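Dropping a structure here in structure tokens format, bear with me for questions.
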Amino acid sequence: MARELFRFKGGVHPPDHKAESNARPIHAAPIPRQLVIPVRQHIGNPAKPVVDVGDTVRTGQLIAAADGTISAAVHASSSGTVVAVEPRVLPHASGLPDLCIVIDTDGRDEWVERTPLDYRAMPAADLRMKLRDMGLAGLGGAVFPSAVKLDAGPAQICPLLILNGGECEPWITCDDVLMRHHADDIMRGAAIMRHLLGSTEVLVGIEDNKPEALAAMREAAARLEFAVEVVAVPSVYPGGGAKQMIETLTGRQVPSGKLSTDIGIQVFNVGTAHALARAVLHGEPMIERLVTVTGHVLRPQNFRVRIGTPMQTLIDLAGDREGATGVLMGGPMMGLVMPNSHVPVVKATNCILVQSRELFPAPPAALPCIRCTRCADVCPAELQPQELFRFAKAGDFGRAQEYHLFDCIECGCCTYVCPSHIPLVAYYRYGKSEIWAREREKRAADLARERHEFRQFRLEREKVEKAAKLAAKAAAARAQAAQDQARRVAPATDAPATATPDAAAGGTGEADAKKAIIAAALARAQAKKAQSAPKNTGQLSPEQQRAIDEIEARRAKIRELARKPLESETENP
Amino acid sequence: MISLHEIQTLFRNGLDKQNAGLVQLLGLCPLLAISNTVVNALSLGLATTLVMVAASGAVSGVRNFVPHEIRIPVFVLIIAALVTVIDLAMNAWVHPLYLVLGIFIPLITTNCIVLARADAFASKNRPLHSAVDAFAMGLGLTSVLVVLGAVRELAGQGTLFSGVDLVFGAAAKDWVLHVLPHYQGFLLAVLPPGAFIALGLLIAAHNWRSARATKRAQLPMAPPASA
Amino acid sequence: MTDTSAPGRDSVTRIMAWVLGALVPGIAAHVWLFGPAILITLALATVTAVAAEAAMLRARGYPLRPFLFDLSAVVTAWLLALSLPPLAPWWLIVTGVLAAIVVAKHLYGGLGQNIFNPAMVGYAVLIVSFPAQMTQWAGPLELTGTSLTLNESATLIFGGELPRARLDAVTMATPLDTLRTGLLQQLTVDETLRQPIFGTLGGVGFEWLAVAFWVGGLILWARRIIGWQVPMAFLAGIVLAAGLLHFADAGRYGSPLFHFFAPSVALAAFFIATDPVSGATTPRGKLIFGFGAGVLTIVIRTWGGFPDGVAFAILLMNLAVPLIDQTTQPRIYGETRTGREPRA
Amino acid sequence: MLTAIGVMVLLAGVIGVALGWSAVRLKVEGNPLAEKIDAILPQTQCGQCGFPGCKPYAEAIARGEADINQCPPGGEDGVKQLAELLGVEPKPLDGEHGVPKPKSVAFIDEQTCIGCTLCIQACPVDAIVGAAKQMHTIIASECTGCELCLPPCPVDCIAMIEIREDLPHWKWRYPQIQLKRVA
Amino acid sequence: MKPALRNAVRTGAVLLVFALAGTALLALTHERTDPIIAQSRQAEKIALLNQVFPAARYDNDLLASQQRVPASDLLGTRQPSALWIARQGGRFAGVVLEAVAPDGYSGNIALLIGIDADGTITGVRVTAHRETPGLGDYIDRAKSAWADQFTGASLLAPADRGWNVKKDGGHFDARAGATITPRAVVKAVKRALDYYARHRAAWAGQEPPTP
């Protein structure tokens, strides 16, 4: 058992506040009257709604389909009627609305037919497609579509699989209680992952402040037919980060800008393994998850919650208290401030942390940075946070990128130790989104430049062509005029002489003229056709074509709609 | 020839808006090195002004004969010749002062402000304009030098116009003003670092003043525009 | 917008308070060895610094409370006061503190923005402008046998005069000065060191002052207020440079031990060079910064125009900090030594 | 004395010849500066600067014929970048060329559009599709918001719609720390 | 002609003309000012010598009497230096020596020392030094009258022990906190007197140069 462990650089030891919520058993939260299910719950493309207002849906029914490879489907968390497909406020720091499917539940919770999958018999690619359509996404926080992560790449093998039971953020205990009570399901999920990734070694990393979870997982591991090593790792924040867990267990670092699979390691949260087992072995899509409700509530505990349940419902279940000052989704270090307490639980919601003045006093006023480098000492990404702060603050984003701003994992260790109480992570988030916005703007500018230059080129070409055409026309007209004149002159001088051949020639001449007229008409028609053909369609990319198609489809619909009332009007009287 | 308005503009640029010492920060080497007393500062400032006026006038006069690609060598040639003439003249006729200003007279040749005005202004304008511009610029530099010299001399040794006898002979010794009698002396002001600090403070004051001026100018600008 | 992560308990005020606390052994030793004059200097410097800080904050439109209570102005005042001769006249103290707080700190943008160590700027301004007053050190009690009382000190500091004999009785050149003088008189180091002012390790009295600063420094290190890099590198720079010179010609250059136990070295190593604002920030940068300051100190002491070189050495290294920081960026997580792995 | 004059004159002659020769032979073709300026400009192609497009304006700046403050879509930020590139003092935008507006895209009211194609001809980036006597549509992702399509439209069916922030385009705000008294 | 060549000839010619004009101007100015400058230099030198050896006490052309002397430990010199011999009515009246105090706080201090025929100092001036400003630079006559206290001194007055700063029990003042510099100067002056004593006979015996 004496596995050599490695200490990653940096990290802090905040008070863990786990005991508040991890002692109580898991409660299944009742299904609320209304579910609000966002189509954008994961990283990648948002799912596309496949239901309309008025449709009745059953529990586990697909309501929005995955769009592209990096995407995941969304399912009805309970049976009922779709009452709206519209933007609603999301559990997101922005407080902006985004497309959600709203279901009024009927309380019957009637499931669609659930078919377990025989994963051993299926081709891996098919299984992954299936998982994508079952909405599998990582439950550790990043919500990356699991199907993508279960692809071991061209090599089709990923020797080391790590189950991440490191729940390092204070207050959160949903993984802890999941491991205590559902260790076997987690291990079954691990078996499926091992199958898909072709892993030869499976490690489970759990922090040593969760002895019950460690014991339960070890027991479950002993019951397996393959070897799983459950390793107790030191409790250091952010030791539960995937990269930190890898370093703790193997001593290896994921190269900057690469994926862990590039060094033959894949990491999954234990919750994801559990959801995977439910999906494959029971045919249940991802419609629920464990959520810790803690902080300023009467009975902090973990709930099994249907996706789309309003957070306030859970807070009420845990015992709402006077004096709440706000709600965080996630822990105190990395959590996001919720715009209100009525936003729905999503796949990423591991914890609802109710704040109060006593538990989370307002931070003292920020003072200037004194460059004490305590932040650098605790930064697990081994960055120089004080420099990043300086650049982000000054708007020097180029330098910030040079100093690896994008390697920042926003763990909040720097903010935690800063003696000047500077909200450092807020500056990094600001810097990152500014850089992204600038890149978007730059791409747009490049596109505009390119299109403008193409247009200039096209206009130039058209001008040349037009000039050539005009010149040709003028030449033809001159020739015609010369011919006419010749004709006018010829009959006058030589009329009788040409009279006889004229009949013969007239026949052919007439035919020629007719032919010419027809040709001209054809040409005109063709030209007209060409004119009325859509312009600017030569240089369209597939996306643009798609956008146009959509517009056309909408127009057709509008036309139809415009016709319909007329028809009905004519029918009615 | 040259309108009053043009002269005003040139002087406003030279003395304030485009001031060589405070805004363009050109010619700092002599500015910092020689501004430890008012007399030194004034003498070097006037010498520089003289060179600038002569050089700008000459450059402007020949500007139409000089091909673009050799304009810099020609300008430098003109400036160097003029400076050397002034150097020799000072050496001959105001020898004591020459001893104090020493190497800074020949260094006027490399003073960027002279070449900068020759290239930026004189090579594009008529001789009279160029001479006036050079005079204004030189005066601007001189005024900064004198202020700097006064500040440093006063702070450093508590006097004004010390060394005036070097220019006007021993009889002028009594002209020195002992503003702060029994002054301990603040050596830093006289030493080179003091020059940097004093110039920094002067630039700060100038920036503050022009910032305030623009603020003032902006406020009443809006209503007349709409009227 | 709130950043959600909960800040820990440490604060700038606590850090500064620890620094002040760690100076107490040094101050106590100072009183013990040189008489109570230092207390007057400290008090005057503190009052001036706080007043100047408040005035500048007000002029720049900043709130007074958080910035005055961060104690950084008091730290600057104490460090400068401890670098001055104990019997320095009041105007010298006030000028130095004003140069430190007004020029070096606030004209550069206030706390966190000052590229130079304010206390050392104050010291440099004083030694350049008033070298004569800055070399009037009180002799250690052990040698003079008498020291000025608090009353006498106050009289002297605030412009009153003392009988010349009384003054001569208590002032003498510092050991560093004496060594320099001796060497210039063609005496060898050994001959010079036989003079009474030299003790076993450094100067009589001075060596104990150094030890007291060491104690304070080690407290700061144990409390993680300062890292080990800068003090160790600084001392290494001192010992190495002095050792090389001493090894090359023991007759002309003082021993590393002597330099090591100069109070200014101990004060600089633990309290001044470790100033985070004006120092280097990367781990390797801190080593270079400290080492460079140490070597420069010896170089300036040996060949410079002023008796001690610590202040100038640190100011010079302050200048080099941006360059040092930029060129010593540490490897980040997942980055190979030779640079980033090419993207797959 | 004569030698000095001789040496100087000889030197001057040689250097003059060398400079004159190299000025012709070593001339650099093209204008890399204009390209750098063009890269800063927003590529709206709106012509508010008085030039037919961003590139002509960039070339004019490079030649010193246009000032840096004539591009309202680039905003004060753009002026600042240009000033930095050219090493001159930044100045406020010239109001004669318009004022910066929030970023918008054109939107065609399809009920009113008569399909005259005039806007298609006006669009500098070919972001309008459609045909004669059919309704036109704007490809929003390619519209630069230049407003050049507004004046030619005979029925005023084009409106500029401000781009609202949505989730994918949302940005974290600059952390507000109130240290300094607000004057 | 090729365009490059044509351009080259044109620019070459223009620059040549300007060089010619410029150099001619300089040549002219030089012609005019050269004698005046030479005069000024002489006057300057003689003024300096007169500071340490009053003009009233000699009647020869002091500048013309310049001699080169080899480097000497007593003068503190490492290179040959100059001395000037003053005569009154053809008789030896004194000498002006260049000496160096090598042990200043920051290196060499260059001195000019005038000694009359009796071996009494007529004046001492520091001509070059790098002493700390405000601390050791009061030896410079421009800063203080400190150097004047040597005037009238000789090897006998003060006596041997007296050739020291007061702090070391000698006769000469020194400011507190800066004794290294004056110490060095006092010693250098003393050694120059020794040098004088050793060579006086040779200088006095020399014939005055015939005019």
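Think of it as A, B, C, D and E in the order they're written, each chain with its own count starting at 1.
The rule we apply is simple: contacts are C-beta pairs under 8 Å (C-beta built on N, C-alpha and C of every residue); 3 or more make two chains touch, one makes a residue touch a chain.
Predicted, not measured: the structure shown is a model, and the values here were computed from it.
Peer 1: By mean C-alpha position, what chain is farthest away from chain D?
Peer 2: Measuring from the centre of chain D, the most distant chain centre belongs to E.
Peer 1: If you take the mean of the Cα atoms for each chain, which one ends up farthest from chain A?
Peer 2: For chain A, the chain whose C-alpha mean is farthest off is E.
Peer 1: Report the inter-centroid distance (CA atoms only) between chain A and chain C in whole Å.
Peer 2: Chain centroid spacing, chain A to chain C, equals 56 Å.
Peer 1: Could you give the separation in Å between the centres of chain D and chain E, each centre being the mean of its C-alpha atoms?
Peer 2: The answer is 69 Å.
Peer 1: Could you please state the distance in Å, as a whole number, between where the Cα atoms of chain B are centred and where those of chain C are centred?
Peer 2: The computed centroid separation for chain B versus chain C comes out at 41 Å.
Peer 1: CA centre of chain C versus CA centre of chain E: separation in Å?
Peer 2: Spacing between the chain centres: roughly 42 Å.
Peer 1: Among the residues of chain C, which ones contact at least 2 other chains?
Peer 2: 1, 3, 128-131
Peer 1: What positions in chain B touch 2 or more of the other chains?
Peer 2: Residues 67, 69-70, 73, 77, 185, 187, 191 of chain B touch two or more partner chains.
Peer 1: For chain E, give me the residues that contact two or more of the other chains.
Peer 2: 7, 10-11, 14-15, 18-19, 22-23, 30, 133-134
Peer 1: Within their complex, state which residues of chain E touch chain B.
Peer 2: Within the complex, chain E contacts chain B at residues 7, 10-11, 14-15, 18-19, 22-23, 25-26, 29-30, 32-33, 36-37, 40, 43-44, 133-134.
Peer 1: Which bits of chain C are touching chain A when the two form their complex?
Peer 2: Contacts found on chain C: 1-8, 10-12, 14-15, 66-67, 70, 72, 110-113, 227, 276-277, 279, 281-282, 325, 329-336, 340-341, 343-344.
Peer 1: Quick check on the complex: what are the chain B residues that touch chain E?
Peer 2: Within the complex, chain B touches chain E at residues 62, 65-67, 69-70, 73-74, 77-78, 80-81, 84-85, 88-89, 91-93, 95, 99, 185, 187, 190-191.
Peer 1: Within their complex, state which residues of chain D touch chain A.
Peer 2: Within the complex, chain D touches chain A at residues 38, 41-45, 53-55, 110, 117, 120, 124-135, 137, 139, 141-142, 144, 165-167, 169-175, 177-179.
Peer 1: Where on chain D is chain E touching in the complex?
Peer 2: 1, 4-5, 8-9, 11-21, 23-25
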